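After this come two complexes, each holding chain A, first together with chain B and then together with chain C.
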Partner chain A sequence: MSPLTYIMGLPLAMALILAVVPSEKRQFFRWGARMATLGSLLLAIYVFSAFDPPITDQPAPLPAQGTEESALENEYGYKFTQRVEWIPSLNIHYYVGVDGIGIVMVLMAALVAFAATCCAQEIRTREKEFYILLLLMTGGILGAFMSLDIFLMYFLHELALVPTFIMIGVWGRGQDKDFAAYKITLYLSLGALLTLAGVIMLYLQFGTFSLLSMMDHATQFAGTEAGAFSATEQNVIFALLMFGLGILVGLWPFHTWAPLGYGAAPTATAMMHAGVIKKFGLFMLIKVALPLLPQGAQTWLPILALLCLGNILYCGLVAMRQKDLNLLIGNSSVAHMGFVFLGIASVTTIGLTGAVMVMVAHGLLAGLAFGLSGYLYSQARTLDMEKLQGLLASMPFWGTLMIMALMAGCGLPGFANFAGELTVFFGAWKVYPVITTIGIWSALVIGAVYMLRAIRTLLHGMKGEQTPEVEDLKHWQRLPYALLVAVLLLFGFYPKLITDKISKSNATFEQAKKGQTPTEEATE
Partner chain B sequence: MSKEQIIRFLPTIVLLLPLISAALILLFTQRYRKLSAGLSTGAVAIGLGISIFLFASQGTDNSEAGSDPKFTWLSIGLAQNDSPLPTASGQENFALDIQSLNDPLSRLMLLIVTFIGTLVHVFSLVYMRKDKGFSRYFGALSFFVFSMLGIVLSSNLVMMFIFWELVGVSSYLLISHWFEKPAAADAGKKAFVTNRIGDVGFLLGIILIWQQTSSVNIAYINSVEISTLAGLLIFCGAIGKSAQFPLHVWLPDAMEGPTPVSALIHAATMVAAGVYMLCRVFPIFTDVALVTIAWIGAITALLAALMAIQQNDIKRILAYSTLSQLGYMVMAVGCGGAEAAMFHLTTHAAFKALLFLGAGAVIYACHHEQDIWNMGGLRHNLSRTSITFIIGALALAGFPLLSGFFSKDAILMQAHLSQKPLFIIGVIVAGLTAFYMMRCVLVAFFGKARTDQAKEAHEVPGEMLLPLIILALFSVFLGAPQIGLADFLNLKEVKASHHAAMIWGTVAAAVGLIGGYMIYRNADKDPLPAKLGAVSRWMRDRFYFDELYAFLNHWTQEKLSFASDWFDRWIIAGLGVKGTSGAVDVTGCLIRLFQSGNLQTYALLTVIGLLGILAWILF
Partner chain C sequence: MDLQLVSLEIGACLLGIMVLLVDLWTPAERKAQLGWWVAGGLVGVFCYSFTIFDQGTGTGATGYVKDSLAVYFQGYFVLSAVLVVLLTQSYAARIRSGISELYAFTCFALAGMSFAAGANSLVLLFVAVELITITFYVLTSFERHRLRSLEAGIKYLILGAASSAIMVFGIALIYGSTGALDFHGVARAANGLNDDSMMLLYQLGVLMTLGGLFFKLAAVPFQLWVPDVYQGAPTPVTTFLSTGSKAAGIVLILRLLADACPPLLGEAWLRQLLALMAAATILYGSLCALRQRNLKRLLGYSSIASAGFVLLGLVTLSDQGAQAVLFYLTAYVFGVVGAFTVISVVSEESSDEDISTLANLHQRSPLMATVLTLSIISLAGVPPLAGFMGKFALLRAAIDSVAVHPVMPWVIGAALVGVVISFYYYFTVIREIFWGKGRFWAEEAPSTEPLLCPRAAEVVLLTCLFGLIGLGLFPEPILFIAGEATEYLFSAN
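Coming up: the complex of A and B.
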């Protein structure tokens, strides 16, 4: 069995175990969930370090014996694969494996999931149900990042998505939690529905759910009429996927669910959703929509580039005016998604690599930021920055980490976010110079304005009159936050750790570029 | 390992020592004040030792600029190494190396940074003794030294940008060191954001250069042709970091930080980074770009010198003077004299650090009094400090045969060779500089003590005096031809211009000094506002640039932000979303009308439906 199955299976199995444990055993839920996610994390680290397929520049020689699938796995650089028949009538398989993009996402997801389970102590009611949902979420999203069967991919993502709604509705905070739960359900279900329509149409075109067979088919018939489906069909399917997945990520103007939802969500849910689950939309765009529909991409990506300006500039400006810490982080997290969209829209190797880097970095950062703000809420019962002032003196550890998180958010070198954003700008400049220029302004100036404003009111200055007494993080409480910061710094100081893995997915990027007009290639 | 191999590692070791010290302080030694200070001071002092060794052993040897280890920071696509030459697929594959540069320019700058850094560390041991954030202060100081050395040692533009940003943030941390003080917290924020505006241009310039040449390696881009636009964008970075007009507004506010920090960061090193960067990539600038650079520098020099005349806070006088001198250096670069700019950068680092540390000593002795009109007569109680301060002031004023005289002379000569209007501005600025330094010295150190603090001031302890005396010695001798700094920089001399520069520069300094003496001898309050009226007020209020920027920001970015927020709240989230859900509600109500449970209604609907189908089939 592939170690990936264990990475996904541990949290799901633990969810099953917790389901039969009586609900008085509160410590058991906590520690069970932590152990399961820790197990996944350790395995993910092992897979990350052991993952080193040959560079796909020259296709590896086909193995003498082997199925068609294993040849394809070699060609596209997939490792740790496992394939079991699941629903034969529809040709659906349990089929997992990771390439460079997949493994960095799995590692990031496992890290944030472990941190999130450690940050869930604020939950005091119905702990059993909460931890079960959290584990389902974790297992689901980890599985989605490693699926090679797009039905399985979609199914596991839904498994992770649905608990979000329940968690906000039941354990959410604030007066708006019902409205937030209602709105986030409405939006994300719509996004998922559009995506499902796209997935089904892909199946009808290719006659299979296997990502690798589809890739193979698309590669062989790229640019030819024979066997490939028409540009119109590509355009329709790509639009379905782009808007469906776009809504899941918070593409402008479908972003308003995000700040509201994260403001009302319990800490662990906000960490998991903003950090990990939201990245699935981007992941599927890069792994499925771009390489399978290169011509559709060519039609729609300029529009995506324009819309991402809404994220980058507009949401940054909105973030400048927020008074509530969670709304600020929420809006800034929507703004950061714009950089990923920009990298995707550029369809260059550099831009796409940068997009994946930002996805990883932002996942860790969103986990960290929402974790920290959740801790503050558990202490102060409010996140209104006008009531919370000058906290650095009374919470030095928390304050230092918060400053680091906010600095990482405005693209300070040394954190992984900077490396990713820089790479996106280098990649996107050639294709969209104006949008990239605005993006740089937004990243460097607008980002700095709102992040420093938050530091200025929340942390610097004298302690406010209305500011309640708060306690700093102590002892083991510090672990999840310190872990996330450490990894952000590690990838920031040495981004080659992730770019080396991502460059193994070069085949996917090359295939995605096939839609570009042939005149460009001719001139090169 | 042979000796040569070890030497190749030395620059990187100098770079990493302060980082290690900063990390250790942050993680482990917060509680042990002496240990933190010792780590930080030790790291920079060892760095100084190594820098002296490198400077002495290699001198102007330019044969082997690279050093070990070469470390690939990131690689994209199939690129494995950052080759200085563009590759065929340069635009699709991309790798960046972090490698320390070891050439005469970087060795000189290494020496300046670690030298001033060591003295400032020693000075801070006493100055910050009672501060509760003592360990945090030294941690941030170490982090700053690391970032600054990174700029100095950068071998490619992206590496420089990385450290450029780190310098910005460490300056932010140090300015707002006393974060509970609102003015300090605001000043840090302003410095950071203003720097970021310049950095937008810098980053765009880097990307544009990469687009044009497929390389960001400094040695390579210096050898090829770069467009004017790219050069000007790169210059934007220097405008921000070296606080040139129009982004000069952050530097005076940055004086809210502890005074040793002002000496290190906002006088000798960080603000000089912009000038250093211009010298580093000097060959990329086209003629048009150079003229622009020269004029920006000249405007900054003149405006800041005028503002300095009417300031009363001793640190602010020095801050505006720094702005003005940086403008001088930038003007020199624009006139084609990168060597002259580096020469003035070096001497300026010595005497401006001296002046700031001297001001720090005065402030320390007067119990945090900073207004020069509340001082007076300090030369009696603080005789040694005042002698060093006066030496620094004279060096800055360009008093003959002190270090500032020679380097100012070099810049004026470049301006004379380039454009006469620039030369005239340069001479005027030299006169103004002498004038405001005379004012500062006379008011603060001579005459009668005007307040009790000034009367009761005591000489500062030896740890503070020692750096002052060392710096005073350097301020006197550093420029002298016998020291050989000008030769080291390979400064060329053109006789006619050289004479013009020397004569006019000396006359201007003399006029400024004598004018200052006439006006401020025995003055109890400033006579200038009465004589100059509104002009004096403009100078004091910094020609209202801060107000103008606040106004512009309020009416553009803040209004846009307000509009976006409003739109988000009421149009997208309000009408759009509520509208959709409202439409669903209305549809639901309509459908409910049909599902009334009334049999007759159902029968009627069925009939209508059948008729409809019939009609569709038949027609």
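Coming up: the complex of A and C.
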């Protein structure tokens, strides 16, 4: 069995175990969930480090054996694969494996999941249900990042839908939590259904759900008429996937569920959703839509580039006006998705590498920011920035981390976000000069305005009159936050750690670029 | 005629009569316990009839056929009848007239459904439908002391009778134009029709017969009876209506279309009509369910929407579509029975079916809360449950037929919109379970007392739990059998 199966299976198995434990054993749920996600994290680190064996020990590459799939795995650089027949009638397999993009996403997801279970201490009622739902969500999204069967990918991602609804409803905060719960559910299900239609159409075109066979087929027939399907069909499927997945990510103008939902969600849910689950749409765009539908991409990506400006510019401006800390972080996180979309729309190796880097960096950052704001809420019972002032004095550790998180959000060098965003801009510059210029401007100026303003009101200055008494993070509580910041800095100072992995997915990028006109390729 | 061929039907009828007889010598307080015996008996009869099929007894020229399609549906009917009988047992306290009659009628209805599964001629089709419908007239109005139950019975009687009349007229037209009653004979004769007026009569006849069957299925525009009847009928009867009676309509439609109408299958208007009905049914059901507060009514509208999804599979007029329909139905039965069982237990305690009675259910009975949640999620079609696989198979078949059928994208669009709308009302039920505030018009907080679930209902709930998750994660066995059952249904023509 592939270690990936354990990474996904641990949280799911723990959810099953928790389901039969009597609900009085409250400590058991907390520790059970932490152990399971810690196990996943350690395994993910192992897989991450074992992904490239040191050259000296490397045995000669195995000749492609037997099945067609294993030959393709070698060709496209997938490792730790496992393939089991699941539903033969529908030609669906349990098929997992990771390439460079997959492994960095799995690592990021496991890291944020562990941090999220550690930050779930505010949950004091009905812990059993909460941790079961959280683990279901975690196992599902970890699995989605490692699926090589696109049905399985969709299936596992959808595991998060119902838990999100119940978690916001039961443990959420604020007056509007019911509204937020419905809104997030309806938007996400609409996006998911459009994606499902696209997935089924892909299957009918290629006759398989296996991502690798599809890639192989698309590579062979790229540019030829025979066997490849027509540009019209590509356009339809790409549109379904782009808008379906776009809704899941919060593409402007379908983003309004995100800030509202994150504002109302309990801390751990917001961390998982904003940090990890939202990245699934981008992941699937890069891994499925771009390489399989190069001609469709050519038609739709300029539109995506325009829409991403809505994310970067509009959501940035909206974030400037927020008085609630969570809404500010939520809107800024939607704005950051714009950079990823821009990187995707550029379809250059540099742009796509940057997009994946932003996905990883933003996952960690969103986890950190929502975790910190959740802790503040558990202390102060409000996130209204007009009532919360001068917190740095009473909460030095929390305040320092918050400053770092907000600074990372506006792209301070040293954090992984800076490296990623810069790479995206390099990649997108030649393809969309105007949009990139506006993007850079708004990233630097608008982002700086709201982040610095938040730092000024929230942290600096004297303690406000209405500010309640708050306590700083103590001892072990600091661990998840410190972990996230440490990794953000690590990837910021040494981005080669992830870019090396991402560059292993070159085949995906090369295939994606086939649809672009030769002139653009030449300009690189 | 080979009597062994119809052993399931005979067995079900005998079982029904036996229950009525045994009832005479059973003390009143133990009558409800008969349910265990009936359920066991049904399983036994089914297993016996299955061995007959295994021996390869083929068809007769009797208008009845026991092929793999018939056996699939008979298994389906027995499964839902067994679950309904067990549900009836836990409902017994609310039945003032004899509980044994309720068991007996369930058996008779099962016999009718089982005949429907194998009906191969218009006569048996009509007899089977009438056997089901007339039994249900009685069953719906079984709680005579409740006005709503009587109202439901009357409504079902009048509308059902009207639809039977239409259907029998249609059958007469088919017979008049083709001179045959068995499906294959009708198809042969219709293929040879070269008189335009006769062809018109034949088409009209087919449409009217289909209309009568769509009444069972509750497809728009034959859906008007559903909400009132579902709400008024005793909950076990409602359950059987939405699982058994509906499926009987579906198997008859499948056979009628595939065997008796090959000349029409290529006609664009038939597909367009079915497509229009599918879209209208899905949207009508989903939109009307939005504002319902009565749980049985809500599920009534949701069952209309499900009928629309079944139609989505039928529109494709392909083996793949039929396979998806069969699987969808099997997935559907666990969701519907699970939901109705919980509603039945909860509404007994509060003698109310308002959605607010579900408040605090997660605390009062974790088992019921879990099963109801999973049932509802499955009906909504969310992974990893059975309902998702059903909807996935249907969508796949529908999208596959886009190439041959230009109206299809619109129907699929309507279906997707319907699914998104349905999330709203399905998730409202989930909200009530987990954080409902109870009756907003009343002062007192909702009860938090533990809610006991009768043993029989517990068995039903565990079966549904198992079915929902099992079919969601491992749909292969059922998909395979469904594929076998529908292998040459449409492609044989």
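Going forward, the second predicted complex is superposed on the first by the 506 of 524 C-alpha atoms of A that agree within 3 Å, B and C clash if a C-alpha of one lies under 4 Å from a C-alpha of the other, contacts with A are read in each partner's own complex, and residues count from 1 in each chain.
Simple rule for what comes next: a contact is a pair of C-beta atoms (placed from the backbone, for glycine too) under 8 Å apart; a residue touches a chain by one contact, two chains touch by 3 or more.
The shown structure was predicted, so the numbers you read here are calculated from the model rather than taken from an experiment.
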Contacts of A:Met201 with chain B and chain C, given as first, second, both or neither: second
Partner chain in contact with A:Leu186 - chain B first, chain C second, else both or neither: both
Which superposed partner A:Gly169 touches (first chain B, second chain C, both, neither): second
Partner chain(s) touched by A:Leu161 [first = chain B, second = chain C, both, neither]: second
First (chain B), second (chain C), both or neither touched by A:Gly374: neither
Chain C versus chain B, contacts on chain A by residue: B
Common interface residues of chain A - those touching chain B in one complex and chain C in the other: 186
Interface residues, chain A side, partner chain C - complex: 86-90, 126, 129, 154-156, 158-159, 161-162, 165-166, 169-170, 178, 181-182, 185-186, 189-190, 193-194, 196-197, 200-201, 203-204
In the complex with chain A, residue positions of chain B that touch it: 72-78, 91-94, 158, 161-163, 165-166, 169, 176, 179-180, 182, 185-186, 188-189, 192-193, 196-197, 199-200, 203-204, 207-208, 210-211, 557-558, 560-565, 568, 572-573, 576-577, 581
Of all residues in chain C, those that touch chain A in their complex: 362, 373, 377, 382-384, 388, 392-393, 395-396, 399-400, 412, 416, 419-420, 423-424, 427, 430-431, 434-435, 475-476, 479-480, 483
Chain A residues touching chain B - in the complex, by the definition given at the top: 55, 57, 183, 186, 253, 256, 260, 314-315, 317-318, 320-321, 348-350, 353, 390, 392-393, 407, 412-414, 418-419, 422-423, 425-426, 429-430, 436-437, 440-441, 444-446, 448-449, 452-453, 455-456, 459-462, 494-496, 499-500, 502-503, 506
